[in-house]
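Structures given as structure tokens follow.
Next, two complexes with chain A in common: one pairs it with chain B, the other with chain C.
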Partner chain A sequence: MSVLQVDGLVVRYGGRTAVDGLSFAIDSGEIFGLLGPNGAGKTSTLSVIEGLQPPTAGTVLVDGEDVTHAPLAAKSKLGVQLQSSSFQAELTIEQLTRLYAGLYGLRLDRDGIRDRLERMGLDGERAQPFKKLSGGQQQRFSLLVSTLPHPVLMLLDEPTQGLDPQSRRQLWTEIEALRGEGGSILLTTHSMEEAQAVCDRIAIIDHGRLLATGTPAGIVAEYREDPRVRRLAHGEPTLEDVFIGLTGSAIRD
Partner chain B sequence: MSRRYADHATARRAALTAGVWVPLAVILLGEAAMIAAGLSGPEEIVTHWGPNGPDRTGPWWEFAITVAAVDIPVLAFFAVFILRARRFSGMGRWLAPVSLGITVMHTLGLGVGVVVLSGSSLVPTATIVGGFAIGILAAIIVGFALPRESPATSAPPATAIPLGLGEVVAWSGSVRLPVAFVASIAAIAIAFIVLAIVLVTVADRHALWLFVVPVPILLALGTTFDWSVAVGPTGVTIRSAIGWPRMRIPVDDIVSAGVTEVDPVSDFGGWGPRWVVRNGKGRWGFVSRRGPALEITRRDGRSVVATVDDAATAAAVLEAYAGAASGGGVA
Partner chain C sequence: MTETRNHPAPARPSVGLAFGSLLRADFTAALRSRQTLILNILVPILYLVILGINDAKKQFAAPGLLIGLGISFGLMAAGMLGYSLLVASDRAAGVFQRLRVTPTATWLIMGSRITVQLASALLMSVVTIIIGSIVFHVGFAWTQVLGMLGVSILGSIMFLCIGQAVVALLKSQGAVNAVGRLLYIVLLLTGILGSTGILGETLQSIARWTPVGALTELYAVVFGAAWSGDATAAIIAVPAYAIVLGFVGIRFFRWDPR
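Then we have the complex of A and B:
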């Protein structure tokens, strides 16, 4: 059974259509990347899945729960990591872990907290206030908090944006580890390198519509002879060539 | 339209209900709500906020204990004054509303609200502001709804002391707060000074502000612990032990002098130099204790009250000169 089923999703803001009949599904244990230029409809799609934005039309099922008709049941299956997280800056990450575990209804003892921090490579920082963590540590901590209740589906919104290569690689390892524990992940990214490194399947969207879906290698193979892609490629086409070929090279703000 | 006033028993019963029993129910219900929310919610919640946001976490029951530890003594404090109040009018009618307001404000704003909404961005600002607003609203509504007694009338003029022709009489008296009370307050001020010295020299230079705390305490003590009243042919002078505040009323400005019973909290809202409005006229009070006091009524209707021993003699002397000044002459 799919852990996420999006069917004919439409999101309109007044007269502007942000998502226009989008459909895709994520299987259990899968890392799925949603790729698109700015304004493609990624954030609107995530907002509907997170229950923050009602869909204009279409259905979204999280592990079988309809986000419109059973929002609490659907939300209880989700873990969400936003692009930038703002935790209580003066609290130590040990305090924050206990605090957020409590808010999820979990009772973690000291060993349980240390175990979670250790798995994210943060055990040495447990007495540090959140504000003293580096950008990569903050993102890893944010990932830790969003996985505390063992969600069925994790939504990661550009999780490695602004991180240095080392931190990015470490976060990819953590994301892979989450999948290894049985979780499914939907992530949005602008990084083709990231999509190829961690995603089992990707979907390229633009103007709210699905342009291509499949494995990163499969999509490259499918569009390698497309004239829009060939025109851009210097040698063998890459995923980035396919992405720009399909979405256009005009700069989006 | 004239207002119907309640008798003392009715006003007292209403004040006890609104100022003691209802706040007690608020505390108990608040404790129940905190226990219910605490047992079903997170084990630890944010328990302290600094200038940069939350900076400490702890168990939810810290708030349940704090509410009980603060609100029950405060309620007991108000209960004593409501039980001892001689009249529920003027400042006295606000005893019960203030008791209710403080209890509601603290129990809801810094107890129930924080525990029930823990984890929400509404905590603590919205809960404190909300608790404050609900507390003030409750106090105002109850303040105007409670039955009240009629305002105390001015003290009846004392019988003037008979003076012979050319005879001059002067009277002076004073009232002093109990030595134990004065010593306790002074000890608190000294404790702050010692604490400030220790903290500043040993630990925290930011504790300098502690030196300021004893200043208002000592000032209040200096202006309250000992009052002297001097009555003579030219009028009356009331002054504190340190010489300020000081009030002089010329005999020409005095209509009458008598003895009145003063309840510091009910009549003036506390001790020390006080000013209240009664029947639309200003009323100064130099209040050191509960009991008989000299009340002087001035030509413009305002009055001055000073708690002083043997107030009856002071009033009789003043009546003699006030009567002479207004054309009564001296026998």
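Then we have the complex of A and C:
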């Protein structure tokens, strides 16, 4: 059974259609990349899966749980790292870990909390509030919170944005470890290099519609002779050539 | 692709554990927040101390009524300003979005915050009663103290509902701040000046129906004033404000600032 099944998803904000009949599925243990230019509908799609936004039409099942009809059951199977979110400014990351553990149904004692922080290299910062952490530490702490429930599916919205190469590498080591435990990952990224390096399969979307899906190498092979791609490629086409060829070179805000 | 899952599917957390975790975090945050402390405790104490220093003010009304008015100002500051600003800033920072992606019902998230506000309102009321007794050299029967606490809970709910309506109708944190302060000043002035009759009978009649005026009327009854038409109006007005503005606050509230 797929851990995520998206069928005919439509999201409209007033008269604007952000997601227009999107369908895809993610298997157990798979890292799946959702790629698209700004405004393509990636964050709207994730918002529906996360239960933050009701779909206008279509269904989304997380490990068999419908996000519209059983939102809490679906959320209990998800680990989410939002693109922009924060934590209560008055609480230390130790207190925040206790809070979020409780929200995911875990009773962690002080040693349990410190063990989790230590595994993320954050034990020395346990008395600090989230805002006082460096960018890399903040991302690692967000990942710690997201992985607290041992989720069936992790949703990572541009997880390595703004990180230096060392922090990025460390974060991917953590994410790979999660996959090693059998978890699946859905991520969005603007980095084609990252998508090619870490994703088992990707989907390229634009204007809320699915343009291509498959393995990164498979998509490059499928579109290598497409005139839109050939026009951009200098030598062998890359995933970035295919991405820009399919979505156009106009700058999006 | 890996087809095996090495860990069991996560279980749904219990409501008790989730609510307990939220309460613990919200109480810790409230204790660490200087703004909450100042708004909840210092406003009514400052008011009572100023009245206590100025002996002439002691002739202005019964001590119990002045203490009730002081508690009303504290409840108003905490509910309308403190609560609405906290919700607006957490919403703008994305704190609610982070909480909402966990398997926690939204009513638990808000329920915890309201519980903390009510507990701090009760604490503020007790402190204000004690300080008021010292400042005005008066003692109160237990029934009066309990009555005062009951009215404080009712008042706290009403001002929280006003604060919730403000934060529901306004998206920007700056607008919530500005409108909250403006409302505070207007209600404070109508509460102090309107109820005295200094501004004329018309404003005095209007003031009785304002949240502060109605609440003060209930405090007056607790301290032995005869039950009157104004008291009947007040006992209707306070829950009515809470119900109507609470409905607006829930119906139009957006968790996302966008």
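Operating definition for what follows: the second predicted complex is superposed on the first by the 252 of 253 C-alpha atoms of A that agree within 3 Å, B and C clash if a C-alpha of one lies under 4 Å from a C-alpha of the other, contacts with A are read in each partner's own complex, and residues count from 1 in each chain.
Following the convention adopted for this analysis, a contact is a pair of C-beta atoms (placed from the backbone, for glycine too) under 8 Å apart; a residue touches a chain by one contact, two chains touch by 3 or more.
Quick caveat, the model's predicted, so the values are computed rather than measured.
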item	value
First, second, both or neither for A:Glu50, with chain B first and chain C second	second
Which superposed partner A:Gly102 touches (first chain B, second chain C, both, neither)	both
If touched residues of chain A are counted for chain B and for chain C, the larger one	C
First, second, both or neither for A:Lys77, with chain B first and chain C second	second
First, second, both or neither for A:Ser191, with chain B first and chain C second	neither
Chain B versus chain C as contact partner of A:Thr17, first or second or both or neither	neither
First, second, both or neither for A:Thr215, with chain B first and chain C second	neither
Which superposed partner A:Leu91 touches (first chain B, second chain C, both, neither)	both
Chain B/chain C common contact set on chain A	88-91, 95, 98-99, 101-103, 105, 107
Touching residues on chain C, where the partner in the complex is chain A	1-14, 17-18, 20-22, 24-25, 28-29, 32-33, 90, 93-95, 97-105, 255-256
Touch list for chain A against partner chain B, complex	88-91, 95, 98-99, 101-103, 105, 107
Residues of chain B defined as touching chain A within the complex	41-46, 50, 52-57, 118-119
Chain A to chain C touching residues, read off their complex	27-30, 50-52, 63, 72-73, 75-78, 80, 82, 84-91, 95-96, 98-107, 145, 149-152, 179, 181-183, 200
